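The chains carry the letters A, B, C, D and E, assigned in the order they are written, with residues numbered from 1 in each.
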Amino acid sequence: MAQSRSRKRKKRKSSFKAGHLPGSVTYSGEPTGRDVVLRGLRYAPDVFEERELAGADEIAEFLQQDGTKWISLDGLSNTTLLEEIGRRLLFHPLLLEDIANTTQRTKLEEDEDRLFVFMRDFERNPDTQSLDDSQLTIALGEGFVFTFCEQEPSEFQTVRERLRSGQGLARANGADYLLYRLLDILVDQYFVALDELGSRLDALQSQVMESPNSREILQDLFDTRHELLGLRSSIMPLRDVLSALERRESGLIHPATRAYLRDVYDHALHVAESIDTLRELDSATLEVYLSRLSLRQNDVMRVLTVISTIFLPLTFLAGIWGMNFLHMPELRWTYGYLAALGVMAIAVAVMITYFKKRNWL
Amino acid sequence: MAQSRSRKRKKRKSSFKAGHLPGSVTYSGEPTGRDVVLRGLRYAPDVFEERELAGADEIAEFLQQDGTKWISLDGLSNTTLLEEIGRRLLFHPLLLEDIANTTQRTKLEEDEDRLFVFMRDFERNPDTQSLDDSQLTIALGEGFVFTFCEQEPSEFQTVRERLRSGQGLARANGADYLLYRLLDILVDQYFVALDELGSRLDALQSQVMESPNSREILQDLFDTRHELLGLRSSIMPLRDVLSALERRESGLIHPATRAYLRDVYDHALHVAESIDTLRELDSATLEVYLSRLSLRQNDVMRVLTVISTIFLPLTFLAGIWGMNFLHMPELRWTYGYLAALGVMAIAVAVMITYFKKRNWL
Amino acid sequence: MAQSRSRKRKKRKSSFKAGHLPGSVTYSGEPTGRDVVLRGLRYAPDVFEERELAGADEIAEFLQQDGTKWISLDGLSNTTLLEEIGRRLLFHPLLLEDIANTTQRTKLEEDEDRLFVFMRDFERNPDTQSLDDSQLTIALGEGFVFTFCEQEPSEFQTVRERLRSGQGLARANGADYLLYRLLDILVDQYFVALDELGSRLDALQSQVMESPNSREILQDLFDTRHELLGLRSSIMPLRDVLSALERRESGLIHPATRAYLRDVYDHALHVAESIDTLRELDSATLEVYLSRLSLRQNDVMRVLTVISTIFLPLTFLAGIWGMNFLHMPELRWTYGYLAALGVMAIAVAVMITYFKKRNWL
Amino acid sequence: MAQSRSRKRKKRKSSFKAGHLPGSVTYSGEPTGRDVVLRGLRYAPDVFEERELAGADEIAEFLQQDGTKWISLDGLSNTTLLEEIGRRLLFHPLLLEDIANTTQRTKLEEDEDRLFVFMRDFERNPDTQSLDDSQLTIALGEGFVFTFCEQEPSEFQTVRERLRSGQGLARANGADYLLYRLLDILVDQYFVALDELGSRLDALQSQVMESPNSREILQDLFDTRHELLGLRSSIMPLRDVLSALERRESGLIHPATRAYLRDVYDHALHVAESIDTLRELDSATLEVYLSRLSLRQNDVMRVLTVISTIFLPLTFLAGIWGMNFLHMPELRWTYGYLAALGVMAIAVAVMITYFKKRNWL
Amino acid sequence: MAQSRSRKRKKRKSSFKAGHLPGSVTYSGEPTGRDVVLRGLRYAPDVFEERELAGADEIAEFLQQDGTKWISLDGLSNTTLLEEIGRRLLFHPLLLEDIANTTQRTKLEEDEDRLFVFMRDFERNPDTQSLDDSQLTIALGEGFVFTFCEQEPSEFQTVRERLRSGQGLARANGADYLLYRLLDILVDQYFVALDELGSRLDALQSQVMESPNSREILQDLFDTRHELLGLRSSIMPLRDVLSALERRESGLIHPATRAYLRDVYDHALHVAESIDTLRELDSATLEVYLSRLSLRQNDVMRVLTVISTIFLPLTFLAGIWGMNFLHMPELRWTYGYLAALGVMAIAVAVMITYFKKRNWL
């Protein structure tokens, strides 16, 4: 788990590389070994077609057909294919470059007659228990949506299912509504991630209350905050993108869909607020953790002080009567030893009374 | 009390369950053993009718009548009934699914000609002294309000009373005004909850000032903050819902009612501000608690230092004269012992003067 | 002082009482023993009349007359009188209930043709040196202002004076201007309260810098913050009320008066900002207080460490030569004792050099 | 320096004095011993006149002339003169009272045909190195600006210079532009003050890093924060005044000048933001200071622990062999003493290894 | 690295120098020894010309030509040239003064028919690893952009490249689009700077977790925060400048370009948010650092307490039996010594059991 996190952190550093020729399509992710999958899906109220597409030419021909088209490219490592698509669909080279860049910032770009949403998809990795994020671009054109993903979110499958069955997501709605559905699903991923972080924090809280000394707590609290800040710095620009999408005067988005986008925007706002709530819980847990450390230290100090305060004077008294002066009359008394022990007992009694009064024992 | 809290926390985890078929109505709460109660209430300036309803058909027929109708379903465990109602009233399956989901987020949904407010109701549990929240949905349609609750808030009864008596809430107002009344009552519940938390904080403050060492304080402060954050993350989306209700162009809400909704919105704002005030009080109390711990630790350290500083040198002196060197002339002096004690007394006097000067004694 | 504060805190708890019949006028304050005073004041550019009013009938008759009328009810314990007034002036029973409730939240209510401002008046109690707040309601109607107070603010007297003399507050202005004047005076009370808290904080700051160990400081800082939060949670809704008053389309408030209300609103904003400034000062003072505790603890620890580090090795050396082995040649040396003392002196010198280097002495 | 600060704090308390007859002009500052200077300046594109004015009559006559007039009163102690001016220029008595009150809050007042900006001028006192603030009022009327200052800001002189030379500030602009210039200069004073505080903080930062133990740092950090809060609570209302000036529909301010006022408003915003930045630096410096104290305390504790842990067991061992039991065979061994020293050396070696492993040495 | 930072801090102090004649052009930077380079670049869809310009006359003549002109002055030390340019192009003397002032605040100024953006350029210094900022002014006039830099940002070169090749940045766009491109590049520099700071923070986090005792961490965390605050106080006014540019009604900026400026404004907003995220990470890292110090101190204290609590009583016991009383019967017992050692062993066992129970061992 720690490894996966440090890997993620390192990735961040590389988002601005110098000496990079502008307009060149370079895949900046790690090689995945998975095949690139290119699929087309076409629907209208009474039409539904799904097929694999072989290349840019088939895409172009597919887009000519009636109905709403959803083309999805799962895997970004085939840059030749990407460039070919770009040429056929007349994507601006800079946009193509951004699509292939796996560390792209979340943003909204507008081509002459297309909208591009660059964003990140959060998926929980079942192996490492960590949140993995990957690059995802959604292009909205007249009558079609084109999604480019490093790895297609599993939730996209449910959208396909519903389109297949014709229920839920009415096939009557156009490409802008499909864009909304996909954005909605992607924003919902944040809630899943927050739920996961929320329950991790709950577990940490119990742990703090029970065994405050284990020091993994500190690391875990810090990691949680790190992930929360990561989610936050990712939802913030997404929120702006959604707000811009809703407000932008574009023929691509029907007024009726605007209300739905407003809804996703509201969800993004709620995500941001939930993140803040969790951050506060994280802070509060750290505070309590530190408070318990303080309490514990107080205990330790009290024990040390009580012990020292009792035994230092006693040891001194023993030292006195261990001195080798010739003329120490009490040493020769018959009950001198007993008297000495008595004096020490009284000293102890005084100390203990004092500590009792001070509420230290 | 601690148990009820941890139960609540665990509940939170389950709000996003994987492998859940979309559009299926599943009751996600715990079985309550209570019967599901379905009631209809109908009023107009000179009409008042109240009756139990047997099923979806009776509801449909009841809604045909004149006047403002309030149908309330108390208990969500009967999913068969819910589905039947959904089919008869043409509720969207996804909305029905949300109604039955007891961990639904607060939100506003709009059907073709109906508004749905999904929210949470806070009720103080007299047994556990904790705040219990339950799922509550209010649907507003043309001429009727339909409330779906896990357990109907007791305050709804006072609304029924007033409608019965015809005073206070004028029967002349329509369904939108009834929606306002119910929302107003539900927001007022937050004030009750805040009052409870406020007095708990007051008690904790006194406790901190009097006996700062008890460590339940830490747990209690943390629990209070947890509940405040819970209330906050619940009022925030509600505030947005109320603001949207007030602003939304909907034929269901008369312009005159808008001003009332603005009022509830203002209350929600006040709730949010009061929560922030209480959170600050909570933080301040924690700070004072930690400060008192610090003060106490300071005391402990001072005692330790004074004792050590007095007795370590004395013990050393005693150690000197306890050495077994053959040639230690002072050991043979007649008043050597007295002189030694005198030296020690002077050392003590010097120390004490020093501490007095430093204000440590 | 501490007593008066805890009394105030307790009062807060009772603002939501269960089992309270709606619409019934109940005085929720403590019996004051003072008489209820009902006064009428009437003015126009060339008219000025002031008189005691005996009951609801006289009020009704008084309101019939020309000019601007100001009726003030000083004391809320006579609920019979209140109910009588309510009936005569056609106040809504719920409003009347709110007027008599001494723990009413600050809010603005609108009757058919009247505005009601429910707020709190802060007055400095010369006996306890604490801030006392009391319930105050101002009703604005066509041509009249009606004030209901637990105890009339002393500053209202200056308004009467000016109306009497005809200067300052031009008698030409109507009831809405009188409302503005009263609100202005009440908001100014916050500045007085803030000045008082500001100078208390100044005194605490000096105290912290001079004698950081007195522990009343902690209590005082906390009490100050408590009062600041109290003022804040009271000015916040008042700010909203003032903003609503200024914006609301009401025939009762002339456009010219709106600018004045904007002014009071600005004052309320300034109060809120000043409160935040003082809260920061309070926090800063607490931080400095804790820092000084830390510094002091550092001093204590340093002394302890220096003493221990010097005397523990010395005592050990003395212990060595106090051992009773038969064959310890140095014990028989002529200058063994001197040599031992010399070794100890060197040890001390080494220690002290070390501490000097570390800057601990 | 400390004295000047405490003087300033005391001044704050007196801003609300009870028993003050409204409308009476009272100078609330300390007597300065300086003469009151009354100057008139008149300009138009081709006119420039500057002269001393003797009294209210001369002012009135001076204002009759053509061109833009700037009358400045330097010194507020001559209340007779102020009253005379007020009568001649028909200033409202309450405004005149505010002009003479040296603890007036920053605000904007509007007379029938005049605007009054009440604000504070910050000037760095070269003697005490502290920031002194003084009362300053600028009245804008048709064709003239009237400034009332406790002590005229030195920067006003540069405005006079430029008007004299006719360059920079075009003489063609009217009184509203002159108001803008004066406000601009006064807001720039804040930047000067912030620069001063910024470099003081820089110095404190270096000091914290180098010699964290000097305790003036705490006082200085606190004083800096105090001054920052002072500047902040002064710029905040000024910001509102500037915003109101820009937005207010007043014939006195030409639309062209509005853009300039917007500029000053922007500057005020920047001042507010810079103050917040400096406050954060101040907080950060305090945090680092406390962190270094903690680090230092950690060092001290480690030394104490190492010393105690080494010498307490050794001393115990020496004590063992210093016991006076008759039958302690090892005391009679030939190499008993050496063996004892050996045991002690081994104990020390074990301890030191342990500390090395724990990274404490 | 530390040196470069302290140099930067000192620079800040000089931004407000007294006794500076207004309107005089003075270069306030340090002499760089580099030559001043003056270049002209002219383009239109089918035109591209690039040449060195010798002086103000050539500039004036160059500006007469067709197409969009970009004149860049790299190096501000030649004030004679600057004054010459100012005279020829009729720049206001005050603006010229601001251009040459290397500590100018970020702001937007408007001449009659030109816009001036004064801002700072952040560039990473490869030698010192620190962020260097330098003064940069962009003037936008009818058909031309004039950039004045202390040192031209290296990224400007890529704009030139693209204009040369005619791709990417369409030559068809005018001067306002060029302004946008330059601003975009300059804002992107902030992201580069933030990436650098982000990875530095990542490194610090790992360091804190692994070896929390190194005290450079504190200095590094503080320096990072300092640089973040520096970036923040620089992006904030830039954000306002960009917002003003977008909103301002100016014939110089075509409506189409406004959308692009909105984009840069969004980037500036994201920069501000990212800075806040990094500041929180910095704070969190400091908190964890301090928490680890606390944990460590807890460890140290526990060791000290355990050692003291075990050996102080033992030493006391040894002291008892080291006393020289004549009548101490146990000293003469045959197994007295063994018994004493046994008693001590039992004492140790008791202590260790106690510590084990308290979880301290």
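Heads up, the rule we're going with is that a contact is a pair of C-beta atoms (placed from the backbone, for glycine too) under 8 Å apart; a residue touches a chain by one contact, two chains touch by 3 or more.
The structure presented is a predicted model; accordingly, all values stated were derived computationally and were not measured.
Visitor: Could you label the chain A-chain B interface same or different, taking same to mean over half of its residue numbers are used by both chains?
Guide: Homomeric contact, different residues on each side for the most part.
Visitor: Which whole number of Å gives the spacing of the CA centres of chain D and chain E?
Guide: Here the centre of chain E sits 25 Å away from the centre of chain D.
Visitor: Could you work out how far the Cα centre of chain B sits from that of chain E, in whole Å?
Guide: A distance of 41 Å separates the two centres.
Visitor: Two or more other chains in contact with one residue: find those residues in chain D.
Guide: 294, 297, 301, 304, 308, 312, 315, 319, 322-324, 328
Visitor: Taking the touch definition from the header, please name the shape of the chain graph: line, ring, star, complete or other.
Guide: Topology of the interface graph: a ring, with each chain touching two neighbours.
Visitor: Could you pull out which chain B residues touch chain C in their complex?
Guide: Per the stated touch rule, the residues are 158, 162, 167-168, 191-192, 195, 198-199, 202, 205-206, 209, 266, 269-270, 273-274, 277, 280-281, 284, 287-288, 291-292, 294-295, 297-298, 301-302, 304-305, 308-309, 312-313, 315-316, 319-320, 322-328, 358-360.
Visitor: What does chain E use to touch chain D in their complex?
Guide: Chain E residues touching chain D: 6, 9-10, 12-13, 15-16, 22-23, 93-94, 105, 107, 110, 213, 215, 218-219, 222, 225-226, 229, 232-233, 236-237, 240, 286, 289-290, 293-294, 296-297, 299-301, 303-304, 307-308, 311-312, 314-315, 318-319, 321-324, 328, 330-337, 340-341.
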